[in-house]
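Look at the two complexes coming up: chain A is in both, with chain B in one and chain C in the other.
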Partner chain A sequence: MMDERFATGNSLLHKRDPKVKVIVAAAYITVAAISNSFAVVSLALALAFLLLLLSRLDLRQVGKRLLAANTFTLFLWLTLPLTYGGEELTRLGAFSLSVEGIRLAALISLKTNCIVLSLITLLGTSRIASLGHALEGLHVSRRLCFMLLFSYRYIFVIYQEYQKLKRAAGMRCFVPATNIHTYRTYGYLFGMTLVRSWNRATRVHQAMLLRGFNGRLIPLEQRTVASNDIVFLVIGLAITATVASIPFFYR
Partner chain B sequence: MHISEGVLSPPVLLAGAAITAVGTAIGLKKLDYDRIMTVSLLTATFFVASLIHVPIGPGNVHLLLGGLMGIVLGWSCFPAILVALLLQSLFFNFGGILVLGVNTTIMALPALICFYIFRPWVEKNGHKRKIAAFGAGFCSILLSACIAALALWSTDQGFARAAQLILAAHIPLMIIEGIITMFTVSFLAKVQPEFLIMGK
Partner chain C sequence: MIELRDISYTFAQAKDPVLHHLTFAVHDKRIGIIGPNGCGKTTLFHLMVGLLKPDEGELLFNGKKVSTKEELRALRKEVGFLFQSSDDQLFSPTVIEDVAFGPLNLGFSPKEARDVAMKTLADLGLTGFEDRITHRLSGGEKKLVALATILAMRPKILLLDEPTNNLDPKTRSHLIEILLGLDLHQIIISHDWDFLSHTTSILYKIDHGHIHRCEENHVHVHRHLHIAGDHPHQHDPL
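Right, the complex of A and B next:
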């Protein structure tokens, strides 16, 4: 599940510098998220599909992610048309379907898919470690980047630790059910996970101090922004600006 | 509890981002490099908590443990939750980037409130600690659901019913979180009491 499955690849997008991708993604997602016009959002979605083709990712895997992201949109489709009020489209028995409700649900669905696609193609194509260093390069607070890089580093370790405890419980015939015993067991299990990660943190900190840690993490691969990256940045921002300006032309 | 990207209106997004920025700035300011390692690992642990599914009737829910984070981390819960949510949106594409501010506020503000209300009680022994821990778990989810509902409602009044549904759907989770937080806190008090004096 946490395998960063989109990060490996050799496409145009995989090769770009993470800093550039972060900037383009932030601008693009901002435009898509706050727009209220169907034209803008549909065009943004189409362009996001173009990015998907450029990134040459496994389409089935991406499809699965999109499906998961659409559970919230499904909830909106089930509630908004029935509860929004306003102009009535048709009546289904006791329920009335509202036009504005359907419009809003459709707009949000388009936005959600567009944003998830651009997240996958722009940010998902870099490893999280490189994104952390990219954020540091973009002058995001160093302590915050440190926390991001470090918790990312240890999530897998701690998850394994938790699974070890859970396996141990399973071997002692623990079967989860809806009762107080289950909740007590989970409470203690998680408490033990916390205790272990606390002690691990102390050991890691001591080990790093011994190696001369001064609050800076040095990335393994030093990247410099190449001219290709600048071209990508300019094109990306230009397209974003064009998409954003559509409503001003068609009034 | 995540609100997807593209649902909320710009003023709501801005308000969430502002609260998160202030909270994170204060949280980071209080965090020195001697404690940052511990907080980072606890952030990872709380991320893992969101992968733990506990059964409830025929279905299951995943843990949030915002109340526990508040009690243990204090002001550091803001950067910790921000990082955990960012990792979630990068790993699983839950939530998003622009909505990160609102989602962080939804979880971290109640955690901080729980810290101020229940923390003094948690340091006491016996039943008071258990009641406080249950209260922290229960109230963090209650307040989180309220803030989420408020964010939806102030975006568009048409979300009113959807917001009510979200509130109602979280009631079972409030009770389960309360119970699990209670057990975890009494466990920590026995095994590693340093946890309960850390956030100061």
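Right, the complex of A and C next:
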């Protein structure tokens, strides 16, 4: 869980300042997400594969992540062509396959893969802590940055606490079934996890206060944006703008 | 130093006060605090660092009443508090960031903070731990790193809340060694009598909301035979 497998490396992308990567990723993903054009999304996906080559990540591991993401698109392929309506492509017994449905499923699949790939290659190549500080550096609301950093630190602890409670229930012969006893027990487990997390949050806050915390996390690493980072930012945004402007040229 | 004067504290929804007109001052160097579960030992620590406000009585630091935020900050700079659960204390992703957190808050530059943190880690035999991920440390390592985060602020008083809970014998004796080597006031809450006998010279007992010095039953070493007796262990008090 949260092993940040992709964050260690020495590639071009690993060495870039996280602030710059966050900006490029945000712009690039926005374009890919809101575009309705196959040309834009396909090109964006192709460029995302180029990023993958640049990042020199373990292709098998990336493939696994993509596979996981595509289990969701699989459901779209199972439902959209049958339910979307519009022009009929062909009939399979009682079902009709819709052209529009297939087009939409294909577009969403391309977008999904493009976004996941660019997220892995741009943001996955930084540690979450650095991303948190980067967001703070970009003047994103401090509360949101804290939430990211602390979720990262404590999600594992909270998960362990939930597992502990679940084990304790199992030790007393609790077997989940479809009945009110099971629902109530899970309700208690979730509720208890929530209460414990709340109490822990209080204690963590106390620990921080005792060590002089006054509302601002001061990063230990004062990263300065290097000229290479600026070059990367300009090229990244230029490519994003080019990709986004394709539909306006081919009208 | 720190003094609680005529303090009373009642938990929300509790009928009786957990601490009742209690007065306690830190004069001695090594103090142990014992008492049954729920008697208010941890509450006493929380009152001493201002995490809880007493219903009655006052907190004094260097003879002056602590009331403003600044006075509280000044007190907390001098008093280090090691929590029972290290997971509550280590909130930064990496060890070095966590140890440097206090110094950074005290106004050290990132470079100075890093140097202080590295030195503190080295003093505790934790060289090489700086880039480890805090939540992946073992229980014993977490405890020592948590101690480092506090010592990095160079406190004058150390409050330790059941420091030996869940420690293996090796880490436990390492901790004893470290504490004996520290020249600062130490107040230790523990149920581990053997540990207290090594690390403290005076024992206080909290009972029914009051604190008293244990004059008559002093901690002593004795020999007897039982299974697994070569491992550090504790016996039921009295």
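Some notes on this structure:
Operating definition for what follows: the second predicted complex is superposed on the first by the 250 of 251 C-alpha atoms of A that agree within 3 Å, B and C clash if a C-alpha of one lies under 4 Å from a C-alpha of the other, contacts with A are read in each partner's own complex, and residues count from 1 in each chain.
As a convention for this text, a contact is a pair of C-beta atoms (placed from the backbone, for glycine too) under 8 Å apart; a residue touches a chain by one contact, two chains touch by 3 or more.
Source: prediction; values computed, not measured.
By the touch criterion defined above, A:I128 lies against chain B and chain C together after alignment on the C-alpha atoms of chain A. When the two structures are aligned on the shared chain, A:V40 is found in touch with neither chain B nor chain C. Of the two partner chains placed by superposition, only chain B is touched by A:I29; chain C is not. Legend: residue contacts after superposition of the two complexes on their common chain; A:I239 is shown touching neither chain B nor chain C. Which of chain B and chain C touches more residues of chain A: that partner is B. Looking at the shared chain after the overlay, A:Y183 reaches chain B, while chain C stays out of its contact range.
When the two structures are aligned on the shared chain, A:L220 is found in touch with chain C, with no touch to chain B.
In the overlay built on the shared chain, the residue A:L52 is in contact with neither chain B nor chain C.
Judged by the touch definition given at the top, the superposed model places A:G212 against chain C, while chain B stays out of reach. In the superposition on chain A, A:Y152 makes contact with both chain B and chain C. Of the residues of chain A, those at positions 128, 150, 152-154, 157, 200, 204, 208 touch chain B in one of the two structures and chain C in the other. Residue ranges on chain A touching chain C, taken from their complex, read 127-129, 149-150, 152-154, 156-157, 200, 203-204, 206-214, 218-222. Of all residues in chain C, those touching chain A in their complex are 46, 49, 51, 73, 76-77, 79-81, 83, 85, 87-89, 91-94, 96-97, 100-102, 104-106, 110, 113-114, 134-135, 149-150, 153. Those residues of chain B that touch chain A in the shared complex are 2, 4-7, 9-10, 13, 24, 28, 31, 33-34, 36-45, 47-49, 51-52, 54-57, 63, 65, 72, 79-80, 82-84, 86-87, 89-94, 96-99, 156, 158-162, 165, 176, 179-184, 187-188, 191-192, 194-195.
Chain A meets chain B in the complex at residues 1-2, 4, 25-26, 29-30, 32-34, 65, 68-69, 72-73, 75-76, 79-80, 82-86, 100-101, 104, 108, 111-112, 114-116, 119-120, 123-124, 128, 131, 141, 143-144, 146-148, 150-155, 157-159, 162, 176-178, 180, 182-184, 186-188, 190-195, 197-198, 200-202, 204-205, 208, 215.
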